[in-house]
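Look at the two complexes coming up: chain A is in both, with chain B in one and chain C in the other.
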Partner chain A sequence: MEWEILLENVLNALAAGITIGCIYGLMCVGLSLIFGIMRVVNFAQGDLLMLGAYAAFYLVAAWGVLAFLGPEVAPFAGAILAGPIVFAVGWLLHRWIVARVSGLRTVASLDEGHFGQLIVTLGIALILQNGGLILFGSMPRAVRTPLSSSAWMVETGIGDATIFLNKARVISGLAAILVVVALYWLLERTRLGKALRAAADNPTAATYMGIDVDRAHRIAFALGSGITAVAGGLVASYLSFTPFMGLDFVVIMYAGVVLGGMGSLLGAFWGGLTIGFVQQISALVLPPQLQNAAIFVVFLLIVVLRPQGLFGRSAERA
Partner chain B sequence: MTTDSTTTTATTRRGALALGLGAAVATATGGFRRARAQNPSEVKVAILSPMSGPWARQGILARMGGELAVDEVNSAGGIRSLGGAKVKLVIYDAGENAERAKNAAQRMIAQEPDLVGGAGAWLSSFTLAVSEVTERAELPWLTLSYADSITERGFRYIFQSSPTSAAQARATLPTILQLAERATGRRPRRLAMIADNTAAPQGIVKPIREGEAQKYGLTIVVDETFTPPLSDATPLIQRVRSARPDFLLLLSTAVPDDKLLVEKLNEYGLGQGRLPTIGNGGHWGAPELAQVTNPQILEGMMFTLSNWPGKGLEDLNRRFVERTGEPWMGHDSLIPYANIKILCEAMERAASADRRKVAEAIRSLDIQNEGPALLFPSRRLKYDERGRLMHAEMVTCQWRGGVPQVVFPESIATMQALWPRS
Partner chain C sequence: MRPGALPRIRRDALIFAALVALYLAVSGVVTNSYYQLMLTLVPIWAVMGISWNLFSGYVGLTSFGHAVFFGLGAYTVALTLNWWDLSPWFGIAIGAVVGAAAAVFIGMPTFRLRGHYFALAMLAFPLVLLYVFQYLGYQEVSLPMKRQDPFFWLQFTDPRAFTAVAVGMLVVAMAISFAVENSRFGLTLMAIRQNELAAEASGIDARRWKMRALVLSGVIAATAGGLYACILLVVTPEAVFGILTSAQALTVVLFGGVGTVWGPLIGAAILIPLAETLHAELGNIVPGIQGVVYGVAIILVMLLAPEGIFWTLRDRWLRDRGPAAPVPRGDRPASAAVAPLVTAPPQVSGPLLRVEGLSKSFGGLRAVDDVSFEVKPGEILGIIGPNGAGKTTLFNVLNGVLPADSGRAWLAGEPITGRKLHAICRLGVGRTFQVVRSFPRLALLDNVLIGAYGAGLTGDAAVAAAEEALARVGLLDQAAQPAGQLTNKGLRLMELARALAGRPRLLLLDETLAGLGREECDELLEVLGRLRAEGMTIVIIEHTMHAMLRLADRFVVLDHGKVLAEGAPRTVVEDRSVIEAYLGKKWLARCST
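Entry: the complex of A and B
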């Protein structure tokens, strides 16, 4: 009996860790893309995630544009569509604000524009949070679906031990993997991807080769925003949120990106996955209130033992 | 000498004249001032609660309650003993942390020198900070916050209109056991507790852990504490499933965690009343909880709290719904409503807009079955020397048909509690 309980606990923690980890991975990829290509530490990334959640909410619940798809499909379609919407927001943010403190114009500066970037992205974060409060209100929202409170139950065959696979999270996890695969294909197999990588490796040389580095950066910023927004839309299918939700995720995103290796896309995904995994597995042996402490213990261990992160810059950059 | 004498006399006469004139002017002005103080055309009361930041929703609900109270008092003729003075409500934003709340209180005191009293702050930590400022200004302040420490500092101008955390902790188990026994005829034996690590839930679980459970013959089979916000409730609910308790105390403090916990219970086949589950706090009855999750899975969920509009307050609930468009009036609006009504009652009795006299009037209130006393489950309104509401009773509600209904105490219950028999 004790073994059955232990087995069930371990298997369910694994299942939850993997599904949540995939979504964390996706949000980390968005941040990593911006950092890897532009070298901009974006403190507003959590708030772009929030915009994605609200975009999905308005598409599915408030305006009901996607309601015809039904409560099982609409939340995930809304999450995917949140991507292009926040892509446009990211594009505009870069065009009017971020471009002024990043890109070629800051290459020659002493701090490479990092101080300006820090203050600007922090300012954007505050504007998005409080602007969100004015626009969306303070009431918690969620993209309601019956899938978030139901599970596929897998019998293990060992006594009563059952694995509960939360339907909303499994679908969200799969959607996150698909988006990462699509992004990887875009970066590795297309001309645009090649331009983005060139702009990341050496912006000056890329300019001599005829690549519009500013445009490449704009696309990277918008793409990173859009990808994180998709993650926000997926989170909205099982969590409720307010305009301040970004604060809860931005630390996870940074930890994931550093864990995986700054600038590495796949590393960021694995970093996010590791965080989800550690968060759940640690609760088996530690009190649940130490879940987040466990993440940072692992984080510190990796930083000490492998400072370049799991995948490091040398393995892959953007 | 004569000259001197004359001068002196003349000076004396002039002085007397001047003194007389001065006295006359002073009397007239002072009298006028006093007359104004006694019969102002307007008296100001404040609501200071979070209107921005993560707790903005609760502050907005408090404002709705306060505005309704003020409108009702004004449409009934204002403060009659002050010549029908109208009540003006001023709103201050406590923001997102105790420091900002304290700054807001200082700003309020500086900008509103004629403020008579106020209510709010919502979070206990905010109320502790705000009441430091209001106490110095001798401003009567009423709050719904639970923390015992609020009224343990020897302050004279703070009044707590809810049972304190310790009182709630003492009342929780007997209330639940009474409901269970009445519904099923048997006493539950196995208790599971999941609480977040903030002050209010810990204030409830600590005494249960330290002897209350044993006193009532309960074995604690799950005792877990988590740090909010939750990213996932799997490890917590998994332990509940493994331990098979008779009932679960689910002491979270925010709607996002409530959603995750009830959905996970449902996912594991323990939701919708199959495992009797009891929460604590107004957020468990908030309309947004039914909007962020499927209301069906809330069915049967119970929660305890300091007040809720039950039997006898149907009309108040209807007025609130009509005015605000909210689906119902909950704890976060009812208590600010009651607090503003208490302030107005105190002004009425004191026949004064002087803060000290109003505070004294609150201290000496002892009302039963009338006025603002009707807004409390005990139908009694009296504060003790520390400023705590005496005879404060805890209310238990249960989600039924998508709406929270009062199931305890019987005096205000709108439905009988459902408790699964298995």
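Entry: the complex of A and C
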């Protein structure tokens, strides 16, 4: 039956879209902390993702620190642990470099210092990519797990149509959701979260309220770096990568954050999920080269038709 | 042309000509083909930077996607040569047209976006094309070899010839850049960058000017891409549409200095040789080290010179020279400015401004609620009311910043509701804003000129109008000073002059006296009094009651968006409901006892 095969293809594409979309959503949430809240255009975000992937790789495969957990658990434990490691990297990057061209220093200047931030984060991206090449080598790496080649099969009950759920991706997707929920709790329910949101909303006013805006921004930057790194670690479980992998993902991340509406954490997650969806669905009808083009065409359409983003509340202030 | 532009252009052209001569002399000596290629790439990326700067630098909308024009130019040359055996010269010309068309196509939907949204939407365009060209099978298009007539086919055996052609292109791009910066075009773009709202309120159709800038920018970038294809002989989607190409365009400008013709030149002259040399010298030893060094270098320079090398050096040099003395302006007799009369007295019978039932809501909040009043020619109407009464919103609706929900307004019988901001300005409504925005590095006169240009004046007439306006507020002797040196009072006066330069029939002044000391306040009141004496009609929002009592002929009191009272100042301030709105019920009780 023709339509049963079609149905099966569509359902499988949807399932793949959801699982990959969750991982995209996680990296977008990381970026939205930096881009959406601090309004810093961070070109190096993709490279922080790359650091996360390598952190997982070294913890799990190269050094085997986590090998005792077994090949089913270690890759995901490695991805989660990549978070704190890259959190530290983000902290230092902000402390030494990014803080000098962002935050309160530049609020009053024309263009709010965006031009300086562009160059500086571009420089960081260059250093991370090429430094990665020196340290990690150009050989494509992967964090292998037997789970990535096995699947749960779900019978749909409609003819023979079966949905194959890749185990590695499903677990990655669940881990991504878990991290987002934890972060959401942190931002909405704790004092630290309140300070972060205040510093994001109006840095000058937050200062008057006794909030250390510099520190808040540093935490936001480090958190954003760490979250994206976890996503990188999860990507590593199903994709092989090189030190230049960031270039492929940085655009996806920005597309996701803008789609979701800047400044909205959950919006960024939905935005990333949408990108994953579009990518997988377009695989059904488009040749592989055009899948990425489809992402950007959808992105352009949404941005032009709905500038405040799919899930945002209001457009950027003029 | 902007005042004082001629000597400036002459000086800059001389410096540039000397640099070009020096550059060509050096490239004539270099025999190493690798370094010769580097010398060819410097002007190409400088042109690319100029293209980016003409748009993003002056308009202030960051473009992450200039590779779209570059790539289209490169592919046009490569494909026309392959398909139709067309000379690259024609290919570059066609590429320029393609670049212009792409700019229109991209600009139309994208100019609705602001800030980061615009920047990121621009990022998507070249990436879409990158994948489309890959899909179409143009992963690697090489330019076929032509043996005869190297000039016609742009295939020289001597690499120095390419350098000469590239420098030729740079000269043209620099000439365009000089022309833009020193003309109404450049000044208008800078006005938009500074404050789009204020620019539109000065009568500038921002969208149209942005489109012109993007088209010009697209043409230049496509040309650079076309020549790039001729030099490298192979075009790949990654090389011309890639994210790094867009990044390169903005890197050279931001590094050198944004919004100046010299920025792209400085950036390209330092960064391209640095990157290439590092690549050649270190890249073989430790792959990747060149990128690290390059990254560290641009970070260090940006930390030391956040606005780019040009501005940092220039500011330092100006500071060392001490503050510039007010330069007497020689190129124009000062007497031109003493002409006594402002505007043609409004030839209207009946009210100059009539407002009927105007309303504006934000969600559930009725910010302006069924407001009606009239302004007679030559009168000063004060609009007062507590914070949040809807005063500024009323102005925003009147001059077209916000559309009215209902109600209408007429200027001298002409309906103004429903019109666009710049159109209302052209009808004769001038406006100042609560927060003054200026171009700190531009001369006072240039700042005011924007108002004159916005009103549709050009050339000497615009300069005359600007000088007259400066004279009217008493700033003419400081006309050549950069606006950054002005005090708060000076800035307020400058903004007043900018509104006056458009020769408005009606002035809307939004808290012009805010933040001024008593004496400064008096000075401003004097200026406003003079304007009234000359027949200007003014509607002014103000909090300082004592000033308003001296200035205004009549008050309109707003509270919660409604007109609470209207009439002569003395009667209004004694009105019980007004006192209550301002000071609360307790005070009212006190007053009446």
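Here is the rule we go by: the second predicted complex is superposed on the first by the 312 of 318 C-alpha atoms of A that agree within 3 Å, B and C clash if a C-alpha of one lies under 4 Å from a C-alpha of the other, contacts with A are read in each partner's own complex, and residues count from 1 in each chain.
Keep in mind that, in the parts below, a contact is a pair of C-beta atoms (placed from the backbone, for glycine too) under 8 Å apart; a residue touches a chain by one contact, two chains touch by 3 or more.
Since we're looking at a predicted model, the values are computed, not measured.
Trainee: Touch test for A:297: chain B only (first), chain C only (second), both, or neither?
Mentor: second
Trainee: Once chain A of both complexes is superposed, is A:119 in touch with chain B (first), chain C (second), both, or neither?
Mentor: Only chain C is touched by A:119; chain B is not.
Trainee: In the superposed arrangement, does A:138 touch chain B (first), chain C (second), both or neither?
Mentor: So A:138 meets both chain B and chain C here.
Trainee: Between chain B and chain C, whom does A:240 touch in the aligned arrangement: first, second, both, or neither?
Mentor: It touches chain B, and chain C stays clear.
Trainee: Just chain B (first), just chain C (second), both, or neither: which does A:100 touch?
Mentor: After superposition on chain A, A:100 lies in contact with chain C alone.
Trainee: In the overlay, answer first, second, both or neither for which of chain B and chain C A:258 touches.
Mentor: second
Trainee: Does chain A have more residues touched by chain B or by chain C?
Mentor: Counted on chain A, the partner with more touching residues turns out to be C.
Trainee: Touching A:146 in the superposition: chain B (first), chain C (second), both, neither?
Mentor: First partner only, chain B.
Trainee: Regarding the shared-chain residue A:156, is it in contact with chain B (first), chain C (second), both, or neither?
Mentor: Touch partners of A:156: none, neither chain B nor chain C.
Trainee: Is A:287 in contact with chain B, with chain C, with both, or with neither (first, second, both, neither)?
Mentor: It touches chain B and chain C both.
Trainee: Taking the contacts chain A makes with chain B in one complex and with chain C in the other, which residues are shared?
Mentor: The overlap between the chain B and chain C interfaces on chain A comprises residues 130, 133, 138, 287, 289, 291-292.
Trainee: What part of chain A is in contact with chain B in the complex they form?
Mentor: Spelled out, the residues of chain A in touch with chain B are 5, 8-9, 12-13, 16, 20, 130, 133, 137-142, 144, 146, 148-151, 164, 166, 238-242, 244, 248, 279-280, 283-284, 287-289, 291-292.
Trainee: Any idea which chain C residues touch chain A in the complex?
Mentor: So the residues of chain C touching chain A come out as 60, 62, 109-110, 112-117, 119-121, 123-125, 127-128, 130-132, 134-135, 193-194, 196-197, 243, 247, 250-251, 254-255, 258, 286-292, 294-299, 302-303, 306-308.
Trainee: Taking the complex as given, what residues does chain B use to touch chain A?
Mentor: Touch residues, chain B against chain A: 52-54, 56-57, 60, 197, 224-227, 229, 231-232, 234-236, 238-239, 242, 255-256, 259-260, 262-264, 266-268, 271, 288, 291-294, 297.
Trainee: Mind listing the chain A positions that touch chain C in their complex?
Mentor: Result: residues 35, 39, 41, 43, 97, 100-101, 110-111, 113-116, 118-120, 122-127, 129-134, 138, 243, 247, 250-251, 254-255, 258, 262, 287, 289-293, 296-297, 299-300, 303-304, 307, 315-316, 318 of chain A touch chain C.
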